[in-house]
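Each structure below appears as structure tokens.
What follows is a pair of complexes built around chain A, which joins chain B in one and chain C in the other.
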Partner chain A sequence: MLIKLSYLLLAGLTNGSVYGLIGLSLSIIYGSSRVINFAQGEFAMLGAMCAFFFMVSASLPWPLAMLAMIVVVVLAALALDYGIYRPLVRRRAAPLTIMIGTLAGAIILYGLAFVVWGPEQKFVPPVLSLEPLRIGFLITNSQQLSLIGLFIFFLMLTWYILYRTRFGLSVRATGVNPRTALLMGIRSERIVQFSFMFSAFISGVAGMMIGPLLGGNVGMGLLLTVKGFMAAIFGGLGSPFAAAAGGLAIGMMEALMAGYGTSLYAEPSIFVFILMVLIVRPYGLLGDYEAERR
Partner chain B sequence: MLNIDNIVAGYNTSVALENVSLDIPEGKIVSVVGANGAGKSTIVNAISRLVSVYSGAIRFDGKDITSMRPTQVVELGVVQVPEGRDIFPPLTVEENLRLGFHRLAGRKDAARRYEERFSYVTGLFPILRERLKQRAGTMSGGEQQMVAISRALMADPRLLMLDEPSLGLAPMIVDQIFDILARLRSDGLTILLVEQHADEALKLADYGYVMGTGKVRAKGRGEDLRTDPTLAQSYLGRMAEG
Partner chain C sequence: MKRHARILFGSAAIAVLTLGVASASAAPLDLVVCHVDDRSGSAADTGIESLNGLKMLIDPINAAGGIDGQKIKLVTYDTKTDPQLAASFGTRCADDDHGLLIIGGSPSAVANSLVGVANQSKIPLYILAAASPPLTDNANYQFRFGPKVTQDSIAVADALAENGITKVAIINNSVPFGISGAASAKKELTEKGIQITSEQTYDVAATDVSPQIINTMQSDPQVILVYPYPADGARVMRTIRQMGLKQPVIMPRVGMMQAFRDLAGKDADGVLVPSSVDTKRPDVAKFFAQYSKDYAPLAMSPSPVQGYDAGTLTVKVLKDEKVQAAIKAGNLQGARDAIRDATTRLGDFTGLQGTLKGGYDFSKSHHGPTDKGFFVFVSVDKAGKGMEIVDPTKALKAK
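Now for the complex of A and B:
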């Protein structure tokens, strides 16, 4: 009983860490630009596919492969910024229009990846070992544990940047009111650019690490975007930490429902549950930030 | 110090200012008064480079700033206290002040300058010292205006522009704010004040401009404009009494 529960919780924690990292990424971009980036999951897809490409096709050692992967996802983020976000903002497009723009970006990234890698499932090699690792009565592996570790690491890194640096203060100010931030001399375009790059970096690393556990294919981005988005609105979009917590919660619920019920009903019932929570708390479970913004 | 030379300006191809010229001499307070929609705020936002200028020029210290970015204007020390205060509500008072300091934050002597600006500002508004950790959005309107002015002063501006600082504030608070502006002038600061409360704004000002539907209708010494009966009737309306 207890053992099964612990396994389910561990699985939930692993998947939840990925959803949480995507939610965190979404919320970082939302925080500075008021835009949901529907291409966020594609960054994770690129992370996984680049891991396959650089580690298998190019047979680079993993640190180099990771570096190369980061270059690719950051370039993709810059393309999204210069190709979609900026032109639309300069034409004074509404946030909804920009979101549709990011959806177009997601489809383009998916299409390009499809051309490069084709539709097949790829074996994404693990950075760390998939060998069973025994901790008490739990059997896990270091790849799985590293995801949870990364989740905590990126959470702390984001917190540090946002709340302990001058730059982070500019990011938060831009999120509250970009026009007023401009009057302080803060260039909001730079801030948004940073948030695109930083969040692509986080999602790319998450994708690279989850690749060996989920399997990598060019279509995986959409699912991750949806899960990350659910995580963000469930926890509260206004705060990266609430969004991350939302991801953990969704991962846990998913694992528990699949373990004690059937995985067939897991997703629909989570959607319904989140919907009910949002009816009671429209700003998400932990999201008061957004509500008292103005 | 700042000189606006015959500008035509507006938002998205609509013209809000027609051939407006204006001079702000160093160390003086210049008040721009007029009814709602006369184009007063557009002047401030044209200087801050937030609205398009179609013709004419804006010069600061003789330098043409007409084609500059908003952040470059701030860099020169032309700082605005926006209409409706526009503090950052979810951020603390201290964070708001730090954001105001952004202009100087990258400099070598930043830590020393911060202390210097901070003690100057809290000398003007001692109440802020006790409220540093409070979220600015939870303060009263008057206190928020103090935060907004302090935030601008943290940048050590050379020209301070205030867009309707009295908006929505009790008369007693407005008097207090105007007293502070007089004190800032005696400390050597140059100020552009845009106000609907024409009487008080012109009383305080060295020079004044009266705006009506996008044009300068009258200019002169503040006191002269204030006591001109024809102006009070034609452009200032009931604002002159209130």
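Now for the complex of A and C:
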């Protein structure tokens, strides 16, 4: 009984960390620009595919491959910022138009990746071992465990940047009211640019670590965007931490539902549950709390 | 007088033209066969291999002078996993190329589009690998060379029942392939009196599938049946091995795919897959040796033999007396109808696909491979690099 529950909690934590990482990155961009970036999952896809390219095709050791991968995803984020976000904002486009712009960006990134890597599944080499690892009575592997560690690390890093630095204060101020922030001397375009780059960095690293477990393919971004978006909506879109908590909650619900209920209906049941929560709390589970904190 | 001469001349000209047109339409038809299948995109391998298999049959026949002195003209279209493109190419084959027959449709979506063309343009269609069962429901012009997904399930249920297996657990992903595969397996296993100890579904985006494997383990099955995609199949196998489950694992179709074996590596070893290609048959082994020589080495893929078998039946029907009569009379629709009828008369044959106990059964009421004796079992080995035909009796014993 305890063994089963422990396995379920570990699985929930692992899957929840993946959803939470994408939700966190989505929310960082939303927090500064009020735009949902539909290309977020594509950054994770680029992370996985670049890991394959630099580690397998270019035979680089993983630290170098990770550096090279970060350069690629950050460049992709800059392209999204300069090519889609800024031109639309400067033409006073509505947020919905900018969101459709990011969707177009996602399709372009997918198309470019398709041309480079083709439609086949790629074996992304693990950074850590995939061999069974025993922790007490639980058996898992280091690569899977690293996702939980990565989630905690990025959560703390984001908290530190946002709440313990003057720069973080500027980011939050831009999110609340970009015009007022601009009048106070904060260059909001730069802040949004940072949030694009930082969230691409988180998603890229997440993609590199997820790739060996999910298998790398150019179509994986959409699934991750959907899960990250669910996490962000469920937790509360305005706050990166609420989105991260939403991801964990979804992961846990999936695991417990699969373990004790019926796994066939786990996904629809969770969607229904999220919908019910949103009817009661339209800003997500922790949305109000974060609104007050601001 | 001048006016009468003009009328006479005009009438004569019209008569000559009419006769000319009439004699032109009576000219024998070309033996146009269209191959309409994916040769790029996600299912590119299936179309490339089926076309290669088809050419291995047709090229020597054409080199020897063709059928009754007429060479088979092969028109090829690449459908790029796009159903709309498939419909457009199928229509071009029927209307512009005056094709007698279409061979193609490896992905079900592409095959489905071609079925629409076949019924609308009344042109026979030989479907290749597509597994969706409804493709040949109430079929008139369409015939299938690849088995339906339900036929895999029948083969698995038969093998389990014959080997005294009474408890099976099913794990599948939550996409249509996984759900329909599991549903068809459940139906066939239940009919054989085999108990389903656990049914587990997982999301393809889940990195950790241990909740499903824990439930499977606790249900204590004798055999585990898995319906995944290649990437999540590798994840399921890794977790099964990681948690120390020793039961035999059967993974229809995906277990043979290169992508699954590459991603799962040594965790793929021992996975059993029902296969419609029996490489222990000397003629099949000879075919694959020749294929390797002509194109590239290939391991047990059904697509080239499906192309070859479709070509074999095409040649048989094109030689048929009634078909030849329609072709020589220049009657295109007559020839197509005659091909459809000849397929049901001549289509009970053993090709390279299947076993010597079961091949194709094309009749008015059955338009596909036989339900029994069509599959052998292969086991993945050499850290996912190899596959070997095995005796299910030995392979289904728990380790």
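In this text, the second predicted complex is superposed on the first by the 284 of 294 C-alpha atoms of A that agree within 3 Å, B and C clash if a C-alpha of one lies under 4 Å from a C-alpha of the other, contacts with A are read in each partner's own complex, and residues count from 1 in each chain.
The criterion applied here is as follows: contacts are C-beta pairs under 8 Å (C-beta built on N, C-alpha and C of every residue); 3 or more make two chains touch, one makes a residue touch a chain.
The shown structure was predicted, so the numbers you read here are calculated from the model rather than taken from an experiment.
Q: When the two structures are laid over each other on chain A, which of chain B and chain C touches more residues of chain A?
A: Answer, by number of touched residues of chain A: C.
Q: Does the superposition put A:62 against chain B (first), chain C (second), both, or neither?
A: After superposing on A, A:62 lies clear of both chain B and chain C.
Q: Return first, second, both or neither, reflecting whether A:224 touches chain B, chain C, both chains, or no partner chain.
A: second
Q: Counting only touches as set out at the top, which of chain B and chain C does A:169 meet: first, second, both, neither?
A: In the superposition, A:169 touches chain B alone.
Q: Counting only touches as set out at the top, which of chain B and chain C does A:273 meet: first, second, both, neither?
A: A:273 sits against neither chain B nor chain C.
Q: Between chain B (first) and chain C (second), which, if any, makes contact with A:182: first, second, both or neither?
A: first
Q: Please work out whether A:159 is in contact with chain B alone, chain C alone, both, or neither, and reply first, second, both or neither.
A: After superposing on A, A:159 lies clear of both chain B and chain C.
Q: Touching residues of chain A toward chain C in the complex: what are they?
A: Contact set of chain A toward chain C: 4, 7-8, 10-11, 14-15, 18, 119-121, 123, 130, 132, 139-141, 144, 147, 210, 213-215, 217, 223-224, 226-227, 254-255, 258-259, 263-264, 266-267.
Q: Given the complex with chain A, which residues does chain B contribute to the contact?
A: That would be residues 48, 50, 69-71, 74-75, 79-80, 82, 86-91, 95, 98-100, 102-103, 105, 137, 151, 155 of chain B.
Q: Which residues of chain C touch chain A in their complex?
A: So the residues of chain C in touch with chain A come to 41-42, 44, 174, 199-212, 214-215, 218, 230-232, 234-235, 238, 241-244, 259, 262-263.
Q: Would you pull the chain A residues touching chain B in the complex into a rising list?
A: 166, 169-170, 172-173, 176-177, 179-187, 289, 292-294
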